[in-house]
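What follows is a group of structures, each given as structure tokens.
Shared chain: chain A. Partners: chain B in the first complex, chain C in the second.
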Partner chain A sequence: MIGWKGRLSLTGWILGAITLVFLAYQWLPIFTLGLLSFSGPTGGTTFPMNGTSLHWYEELWRATVMNDFKPPLVRSSLLALACSATTIVLSVMAAQAMRGQFRGNGWFFYLMLLGIMAPGILVGFGFAIMMRLMGVELSWDTTTFLVQVSWTLPFGFLTMLAVFNRFDKKVEEAALTLGASRLTAFRRITLPLVLPGVIGAGLFGFSLSYDEYARSMFTTGPDATLPLAVMAQLDRQLTPEIYAVGTTTTFFSLIAVLFFTLAFWAMRRSTSLRRSSSA
Partner chain B sequence: MSTIRIRSPASYWLAVPAAAWMLGVVVVPIVLLVWVSFWGGRAFSTASPLTFDNYARFFANQTYLKLALSTIVHTATLMAVTGVLGYCIAYFLVMKVRSPGWRLALFLAFVVPFWTSTLIRAIAWVPFLGVNGVINQTLMFVGATQSPIEAFLYSRTGITMAQVSLYTMLAAGPVVYMLNAIAPQLREAAMTLKATPFTVFRRIVFPLTLPGVVIGQVLVFLNVMSDFATVATIGGNKHALLSNLVLLFYEGSQIRAASVVAVLLMICMLVGVVIALRVVDIRRLGAER
Partner chain C sequence: MDALAHDPVEGAAAPAHARPQLDLELINIRKRYGDFTAVDGVSLKVSKGQFVCLLGPSGCGKTTTLRCIAGLEEPDGGDVLIGGKEATRDPPWQRDIAMMFQDFALFPHMTVAKQVGFGLEMLKKPRAEIAQRVQHILKSFEIDGLADRKPASLSGGQRQRVALARAMITEPRILLLDEPIGALDYSLRETVMLELKLLQQRTGISFIWVTHDQNEAFSLGDLVVVMNHARIEQQGPPEEILQRPATAFVAGFVQGNNVFRGRVKEVLAGMLRIETPVGMFLVPWVAPPPMLGSEVSFSVRAEQLTDALSERHVNRLSAVCTAVEYFGAVRRHVFERSDGEVLKYDQFGAHAARIVPGQRTVLGWPAEAAVLHAGAGQ
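Right, the complex of A and B next:
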């Protein structure tokens, strides 16, 4: 019989082992995908790699009409940027509105929550039917944009809500007491202070839109976004080229996350510096 | 006093764009789906007569009913696996890792894949699961089997394996949040009163994290129920869940049948969420902090 302290550290070890095994389980496929994308020209879709080369990336670059991933990549990036910007503006407005406790704000909150809860397949399908009834042509830069914002906006909204919850109202009050108009106070005081949250909302907008598949599938016209192009290629044939695309987009996603994280840190540092120098 | 006056017209107008967007793109289309699922006739028009025939046809087909049942069983399996796994990981990260640096590193290693494409991560499982895949190669190398096992790619097992790696984060995230919110004094007080560690967990820690567990389960439930992409990638054409049926009917231009399945899917989800909301109050969760 071991004492409870021993048992406590034993549970620690077991839980730690579970965590590490899971992390390996989660990351191994991603690393394998990256590794296999560098396999030789005769390499198949699994090991052995038959040498290492950039063959599949060259194929990707040279690709013509059918499996050309460059236009979808451009479309997805533009769409993600547009969604990010829209999410930022609308979620800051909506969160500021929640602070005003307008009539029906409880319903408004549930409406936003519904956007997260409602599965993409239902929203995309329903929206496609609605567009068909209205006689609107489906296209990546109109219908897909509308649908994707309904997915990214609630995440941005919840982020902003959390940020405003922790926000110190006294600085705003000070500005207003000193005679600033509400608009000036918001622009000069509130907005700079919640900027890290705004960046978080922007990251949600970009990343969720960039990776969205279900909603886009029903609402994108003939010009596919990147996830749609990948899935279409997967249906045609499985070659290491898919792995090369996957590795590239994963790399892009990670760069985006890194960029937003760095911006977040920079903002936080500058606001905290300003605060400490003024204190 | 703040930059927005309580109950001012401005606060109302600021919320209008977001509300209109969500109503127009989420609520109206879903209501439309319900309507379309009752359409009779063959033409795609709003003048279609309303009937229950579409539903009758679905429930008369044994294959579809079996599919619905297996969807529920599959989802329940995933909820159980990701729930237990997620709780273990969350507990370890928050309670057992002492050094803040390590905690951040492990946490990032855990969360970063969430920011990459789910579709690509599902595809990343393909080279693992095939007959000549990494898993079979490893098993044969170790000597566990003589010939490759065909149980992984294009099978329920393979789909489950991939989805566990995709969705455990969703189950663990809310638990991490709730564990972080527990005041250490609570546990110390219980320890001082000579409660064993297990009792502390059972009577104090677990009840306090229960809302996180439930929300995590809801997220996994909703995502697995509607995840047709992973099923299509790994299951090939051999396996389908209810959500794949929506797609199948849609591609076959059977809009009514697709709507019926979509509505049934929606009802399953609503029931799940309502049960969860009876256990925890999501609104109160945000307000307390």
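Right, the complex of A and C next:
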């Protein structure tokens, strides 16, 4: 017989193993794609790899008009940055408004969340129809931008609500009694304290917009975003070049995540957000 | 009354200035949250450099009153005058006040030096002056070694000092303190209380101190304001509140009072004969005397009772002792009255114990020891 502490550590090992299996399940496909993207010029999209080379990355770089991924990549990046910035501003404002407990804030909350619940294809399609009726030209930097913000905003909003939920409002009040106006108190006290949440909202905005397919499908007009371009290429011909695209963007995402993780870590070292405050 | 501290703007008699300026005046402050009345008709005058304690149970409106003074809440009615100037609608940042919060509300992302200088920064003082004044106040509060630390790495006592330094550095007219030592270890409180009292006397800044702890209120306050259910029950110097509680609530809230409720049976010369569920008692009245048959309450302090009776002790009561607590200077006996209420009897001085738990004893007190309450019998 083992004691309950022994069983506890056994449980820990089992759950740990399951977690590792899950992480492998999550990451191995991407790793496989990454590996295949380095296959030789005659290589296919499945194993075995025919030699190793950077051929498909070179292909990616000197692309023809037909399969050039660079313009969609630039569009998607710009779109994601714009969505990220918009999400940050609007979600901080909306969460601040929720703190004020205005009349109908419950309805506002649920309407915001509707953006998460509503199926993307329908939202995109409905939006495209409405724009057509209104005579608005569809384009990735106007219509797609709008419809994507309606998707990314609720995530940023929820993030900011959670952050403000454990925010000690006495700290703001202390600043007011020390002579800070509301704007100064927000700039000097509130914003620095919720900055990790703001960055989180921004990351949501970026990553959700960057790989959004359903909402972009009907709304981009003639110039496609990266997910649409990849999808179109898949329809035409399947080469490891697609894998090279995936690997490249994953690589840049990892760098971005790493950067923000480091920033978080540095900030946590200098600020302890977890205050010993109740209520 | 504080004529010395008053502006020396005189020469001829200045009738407009005849009244000594008050640091704070509250006139009939009212504040409601939906159906809940938090503050109801609170009026208060604080003269220059006064130490005022707002005392009351939680939810009595003392903190809301304080927040109305700070400008963090806007009263629904009434006026707030700070330094004689109308300030009811002024935002907090335009008021000549500072506030210390219960859990100190330090800025977690700023170093001690930075946040102590925050108030001066808001006043747009030059950088060099801020640095110098911060240095000075940190030194005088003996926390200059902590200047570069963040709040998370400070102990409770150190945080309290930082919060105080941050509030005091701009030398406000009034310092508002919301349970300022409630978050400290019990062993620290006595020391900190004494320090704060000395600081207040030295600086001449008016302190308005909110607490539910009567020891704090009575040992610190020049003026103690007892609140209950959004209203002021009584205000006055500590001695007055301890010796002459004005209402049954105050008598019951302040430690060491025995409260009795009954009906006026007879009005004599200077005395009432009051019938209570536990007997008839003589209680002196102050003008105007209550009506015959009206409901009244009165209280007797626990140390005014005795079990060594003489003919002076005209009010007598028999009760069963349930517990004896010994505090060194005082031995407190807890009795149960025949109506189930508690009766307390304090015996001062190191006398030998005379009463043991379970014993039935007759206790008495002289008629003049009882205090009749106003706001009859509620």
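The working rule: the second predicted complex is superposed on the first by the 252 of 279 C-alpha atoms of A that agree within 3 Å, B and C clash if a C-alpha of one lies under 4 Å from a C-alpha of the other, contacts with A are read in each partner's own complex, and residues count from 1 in each chain.
We take it that contacts are C-beta pairs under 8 Å (C-beta built on N, C-alpha and C of every residue); 3 or more make two chains touch, one makes a residue touch a chain.
If you're wondering where the values come from, they're calculated on a predicted model, not measured in any experiment.
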item	value
Superposed partners chain B and chain C on chain A - clash or fit	fit
Partner chain in contact with A:231 - chain B first, chain C second, else both or neither	first
Contacts of A:113 with chain B and chain C, given as first, second, both or neither	first
Chain B versus chain C as contact partner of A:53, first or second or both or neither	neither
Chain B versus chain C as contact partner of A:142, first or second or both or neither	neither
Partner chain in contact with A:77 - chain B first, chain C second, else both or neither	neither
First (chain B), second (chain C), both or neither touched by A:178	second
First, second, both or neither for A:27, with chain B first and chain C second	first
Partner touching more residues of chain A, whether chain B or chain C	B
Smallest distance from any CA atom of chain C to any CA atom of chain B, in Å, after fitting	5
Common ground on chain A, meaning residues reached by chain C in one complex and by chain B in the other	173, 176-177, 182, 189
Of chain A, residues touching chain C in the complex	168, 170-171, 173-182, 184, 188-189, 192-193, 270-273, 275-277
Chain C residues touching chain A - in the complex, by the definition given at the top	70-72, 91-93, 95, 97-99, 101, 103, 105-109, 118-119, 122-123, 150, 152, 166-167, 170, 176
Complex contact set, residues of chain B against chain A	1-8, 10-15, 17-19, 21-30, 32-33, 36, 44, 46, 85, 88-89, 91-93, 96, 106, 109-110, 112-113, 115-121, 123-128, 130, 132-134, 137, 162, 164-165, 168, 196-197, 218, 222-223, 225-226, 228-229, 232-233, 243, 246-247, 250, 255, 258-259, 262, 265-266, 269, 273, 282-283, 286, 289
Residues of chain A touching chain B in the complex	4, 7-8, 11-12, 15-16, 18-19, 22-23, 25-30, 32-33, 36, 44-47, 90-91, 93-94, 96-103, 105-106, 108-109, 111-115, 117-123, 125-127, 129-130, 132-133, 146-147, 149-150, 153-154, 157, 161, 165, 169, 172-173, 176-177, 182-183, 185-186, 189-190, 203, 207, 210-211, 213-214, 218, 227, 230-231, 234, 238, 242-243, 246, 249-250, 253-254, 256-257
